[in-house]
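Shared chain: subunit A. Partners: subunit B in the first complex, subunit C in the second.
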Partner chain A sequence: MSPLFSSSLHIISCLLSLYLGVRFSRLFYLSPSSEAKVNFPPLPLSLPKPLITTVTSPSTPRLVGGRHVIFVRPWTHPNPAETLQAHRILSSVQSEQRRLHILPRLPSQPRKFLIVTPTYSRTFQAIHLRSLAHSLLILPFPFTWIIVEPHSSVNDTSAVLAQFPRLQVLRLIYPGTMPNTWPQRSRVEAQMRLMALREIRHRRLDGIIVFADESNVHTMEFFDEAQMVKHIASVSVGILVHTGGLEKEIQETERGKKGTSGLGFPVIGPACNSSGHIVGWHSFDTLNYTGKIANFVGEEGLVVPGRFEWAGFVMNSRLVWEESERPDWVHAFNAVVPSGDEIGIESPMNLVKDVSFVEPLGRCGKKVLLWWARPEARFDSKFPTRWIIDKPLHITLPSKQDPWPDIPPEIVIPATPTLARQNLTGKQHSKTAKSSRSKRRSRGKRNRESRVNNL
Partner chain B sequence: MASIRRTLSPSPHHHSPHRLQPSSSSKFRHQNQNQLLPPPSSFPFVLLYRPPIYRFLLFFLLGFMFGLFPFAHLHFDLDLDHRSIPFGPPSLLPRQRVDFHSVSPGLQTQHISRASRNRIKQAIMDSGSAVKVGKLVIAVTPTYNRATQGYYLNRLAHTLRLVEPPLLWIVVEGGEAVTPETALLLSKSGVMYRHLVCPKYNSTNFKDRGVHQRNTALEHIETHRLDGIIYFADDDNVYSLELFDRIRQIRKFGTWPVAMLAQGKNKAILEGPVCDGDRVIGWHTNEKSKRLRRFHVDMSGFAFNSTLLWDPKRRYHVAWNAIRQLDTVPEGFQETTFIEQLVEDESEMEAVPPGCNKILNWHLHLESKNLPYPKGWELLENLNVNG
Partner chain C sequence: MDKAIWVLLLFFCYFLIGNLSAQDIEHSERAERISGSAGDVLEDNPVGRLKVYVYNLPSKYNTKRVKKDPRCLTHMFAAEVFMHRFLLKSPVRTRNPEEADWFFVPVYTTCDLTPNGLPLPFKSPRMMRSAIKLVASKWHYWNRTEGADHFFVTPHDFGACFHYQEEKAIDRGILPLLQRATLVQTFGQRNHVCLKEGSITIPPFAPPQKIWAHIIPPDTPRSIFVYFRGLFYDVGNDPEGGYYARGARASVWENFKDNPLFDISTEHPATYYEDMQRSVFCLCPLGWAPWSPRLVEAVVFGCIPVIIADDIVLPFADAIPWEEIGVFVAEEDVPRLDTILTSIPTEVILRKQRLLANPTMKQAMLFPQPANPGDAFHQILNGLARKLPHDRSVYLKAGQKALNWTAGPVGDLKPW
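Let's turn to the complex of A and B:
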């Protein structure tokens, strides 16, 4: 035996013992944790003391979290069946909480909502309409969704609504088209809402009218509060002014930064006096925001709301009925709303003779219950019809190109040391010719791999 | 000392009879046989005096230490809360109990009726007879306090509420502690959630926003061995309900094209896989500068089985470290570097849905960073009249 052979044997043995050490250590590590038994404390069924988290702010402790301790496991159970059980318990406890604490404040018989939404076909329609449909689907009250749209968008709207067969929808066709500029769009949307009001009047639909715009997001408290409306109510709307681009930031003036006493805050809502009575309106002050105000829909620039937003009003549908027992401080619908295309009223506020009769919701307007935002792509932007890709997308890079291209010829490499694949070099091939070839090749390769995996 | 030797030295023998096999065929054989002849009582000592055995033992110990290393970063790290895996919960919320009467006196008189109690008990009884349980979907959402948080999180919560259970929503908030605004919003959401905190979050650094937060969630999932499909659902995107049904069907790693939308853009950018049936045959992206990436998919365009995080048998890389998002890579490469840790190539990916011909979620670029807003969108004083 040569010494070379023996020393190599020695090295092999050393490596073997190294490997055994690694294996042994894993054995050593994993054994105690797998044996550990876990005992969960029993679920408390008494819904005992409320759980309240205080804020660290020195002045006012605020109520955060649920009213009761919902027993939470110290960690989530890894087993999906257990998780499903926890889901059921959670939902039953929450519905009991709701039964105890929310429902007594609401009318004993839940009132129906008439949700008015203008829409039209565009890039963001499916996105916004879908989001609103999701919010409505979890609504614990009966409702009819009244969608007003121009004739051209019927197919697109139907495609979205087809995914929510549970929704009860009343669709109205607006005779006209949606213009491309923001001022005209809001004008047409107002006409659409009036069209819905006329339909409600005509059909004598009974319920509470909510003006839910597609791109707004409502909290569930908003609908709880809206149940309590007697005639007409107003709620604070948070305005999310946005520019669209990440790089562009909103320029606030010094006045906007002050933000005390609700002056600088982007909120439209009822202004109350100290005794809790409505005295006027806080409207959105565009002076707080300098910068370019967008004119065309989807243009880069600030999108700002009007002085009043319809979304901030909730009203009883009986106010617009023909012969109704409406109070004398409400105008007759026909008197303020002309029959033609004219708008007549800027907001539902014009229906009342005296502001002081409007009911302020959300702790007298202090709590913002919904948010207004208008994210839109450019009015002429292209998108796949109904977001279905009919013909396969162009393959920018085939999968598992072998060798994988290291440096495409026309591009300078950024500093990405972690990504550089030094051992693979190759040219970037022409796209279309390459794609079919590489498809074949990668398929063959994959078949081989799958065969190997199956062994 | 002697006792240690006694315990350690037989183990290589016991575990690897074949390991000593080669040496017995070499010239050590004679020495071996000679040394093994003495009575069994002195057997371990004799072995230890032999230089090769010393070395083997040394290597064995080295390997032992080496083997501990990949677990070490997880459990012997700074985070002592996570170390005691099943014996204690991770500290989530610094909570404090306050007397209820002082805050909201109107409600304390309402006692739980017998009927309520029975209904909850009934629900618990019923839940024992579970029918067919689908795969758990784990949605990971990084968030932080800003003007648009209520808008985004409410929208996402409404969607998740409609998703068929079981679903777990892991919300990771950036900052030192959870904020009451987020906690309140989540508690009202009706979704089963976990509210975690990521202290590493850095609001000024825009590049790696969300990276540390997602890692916090991954660590949580890995520590508690949550078995489900992990999906990074950022709060500013819009998701269809169909997406979550599809995610549930994923076995290992699924990917799909995502529409990227931004205000002022004249075309919706699609990015993601191009598929032929179940298989991914290529990638589509419009941004030329990013062609260097291996996988062209958005952070919200893939989902994967959580066992990939901790089950070494299912992982492609026998990695010494855990699968995490890296904060060192430049923007735009985050997704691809993460996926490269999970799968080897496209053959391990599943097309969602087959053919990848549907857009199931939309990535939106919309942020209003410096918008002033009242804390929690709740004003302390009445609004004033200005209009």
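Let's turn to the complex of A and C:
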């Protein structure tokens, strides 16, 4: 035999045995009698599955250990009627949970809330006021919303409130304007709240006074707990200090320094002893942040609360009435709150003579029931009324990059390509024309040259 | 004067009864009593109703295996170990075999684990045969009935068929020597070779301490409609697809991955138990075997189990009315799962949640150590007690043989 023939036979038989060996090994590897079940890490679920068929109803009998077809219905998206029904089911499950676990702790007759909110016209007023209005829409208790605002803000506030005709609102006009620095703004807000308290006193409104600042975030649990106040109560407020880019520093301060909450964010609230009585307060320590605090609204820097925040206190309105069954550890309202510009009290706590009578709510302050936050735009920022732009824009400037590069070339409006800048004559140009123009501009010399030739 | 006293007495009685019934109503508002086809038997106390004799087998059959691999105490087949330990300390145990109604053979056949933690059933038949041979030769109680008053715990995938693959398990069938004994197993499927009539189906083992460590307050609103975490495709063992779970899990994924009402994925979140307590429905589809620990978790966390496993027999089916507690969906109806679940009336859903809130229901699914009244150990004993007194045919006449000691695959006959 020629060596060429034998070597080629050798090579062929090697290849054949290699091929067969691989086939046989695969057989053994995949057979179920192998002792070790190899568990690969789960592959992404987008592997092609040749068994999936879209059939309306399967009718094959169940095979034992056999291969089954995976039936997928033609339209796998949810049916809106069923989604609505599912939400109805969820809401009845949740109201049953509330009935079994929460309502037994609350007073059998729901008490009315008097919700005091100072507001003023500014860039973010619509956002904050609307979100507070939505929280109040789902409040399961009766309430009167007392909104205090300066005269200049009345129209803007009315525009927002017009979307919530079902809310019961009492509006008070504060004689004055809102200043532009944070400390002065909080002062004016305190005066607005005092104005609301005077009104409650004057009209003898009965209920539980809640100081709900519009930019705060309230949990519904906060209102549940507030129902249980007897005279005056305090809850823990989580402070979301607007960081101005200093998140890490604040976190480290709050975790490390003594006297802070240790949670990574500041908390203002009651501190209790083991028998559930208030023995002290967690308050906000601005000394930790000196030098970084913003002064003008909207400038870079931290936006911090005061030592105590009004929002963390809930009180029975009878405490401010002229003649009522006031406990003797509560000051008379007129005694502590002077008329005129002076505020006189830092927080509702100054209304009581003995602070140990303040009730702690939310498992003695262990639960943070609301969040204080003051995200605000610059005090001089401009915004359209009611945030609606309903007239067409008169001045358009071309963008540096084409924002819609995928627009098909058929949508083309002929224009002179020799223009380097947009013609600022106030003629209305459609956006697609603008983009196609810039697109064509970027297309290459040849097009430009051809157009010039066409001209 | 007399009349006044009688009127006062009547008032007093009325007041007392009124108070008691008010408490009852309040209790029943949160949880409803559970009564299955056997009656209100979940709260029965088995002590005094039966006597169990525990054979003292050499430790190579039981304790030595646990010492070799302590993972056997935490995986979902750990019921065999804990049942043995419970019986050793239980008041139903008797040291006098003459007065025993039931005999327990403690052999841990599932305690042979791969490095991954999966049990290998290949030596289990031989181990079981060896244990039975020992029992039959050393004591005379086996031969008296050929095992009909003995019970074994066989919690593996397909019970006493001793294999994890369904085809192979059916081929083997139940070990011939166990044909007359009572089997306590997690596997249950109607008209299946591996479920003997008279078996007691139990839940898989779930570690109670771990479960109780993750309980959240009951007023946390349930905001997830349907919840499931687990595999949909088993790419390692079923690369082609279509074998795992008879395609049912894959069907769930393909039909509902775009549905926001279905919170389903393959992730392993750290908040798995907490999420179940925030869900209304928890899917319990079959895997390689029809049963799954998800049923236990769903019941303990108050989430209505949606059982997708045709013909499954659920734990303690004669004591627990599963039809009233869970939702059964046929595997072929999986593409319509959202329609089925949203068309359940709200009152029915609230009633199911009340039944699940019953603490006896939750206790019956768990194997706590030390044992609590009403837990799964007691339900097993209740089930055994319900099978008493033994039928007279159980006792064989002299010389009568019922079992074939040489039946089964040749590999099984080798000594262990």
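The rule is short, and it goes like this: the second predicted complex is superposed on the first by the 287 of 455 C-alpha atoms of A that agree within 3 Å, B and C clash if a C-alpha of one lies under 4 Å from a C-alpha of the other, contacts with A are read in each partner's own complex, and residues count from 1 in each chain.
FYI, a residue touches a chain if its C-beta (ideal position, glycine included) is under 8 Å from a C-beta of that chain, and two chains touch if they have at least 3 such contacts.
The structure presented is a predicted model; accordingly, all values stated were derived computationally and were not measured.
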item	value
Which of subunit B and subunit C A:92 touches, first, second, both or neither	both
Which of subunit B and subunit C A:349 touches, first, second, both or neither	neither
First, second, both or neither for A:367, with subunit B first and subunit C second	first
Partner chain(s) touched by A:170 [first = subunit B, second = subunit C, both, neither]	neither
Per-residue contact with subunit A, leading partner among subunit C and subunit B	B
Partner chain in contact with A:83 - subunit B first, subunit C second, else both or neither	both
Touching partner for A:100 - first (subunit B), second (subunit C), both, neither	both
Partner chain in contact with A:159 - subunit B first, subunit C second, else both or neither	neither
Overlap of subunit C and subunit B interfaces on subunit A (superposed complexes)	36, 38, 43, 45, 47, 49-52, 62-67, 76, 78-79, 83, 85-86, 88-90, 92-94, 96, 100-101
Touch list for subunit C against partner subunit A, complex	29-30, 114, 116, 118, 120, 122, 165-168, 170, 217-219, 221-223, 225, 231-233, 235-237, 239-243, 246-247, 250-251, 253-261, 266, 280, 310, 331-332, 334-336, 338-339, 341-344, 346, 349-350, 353
Of all residues in subunit A, those that touch subunit C in their complex	30, 32, 35-40, 42-43, 45, 47, 49-52, 57-59, 62-73, 76-79, 82-83, 85-86, 88-90, 92-94, 96-98, 100-102
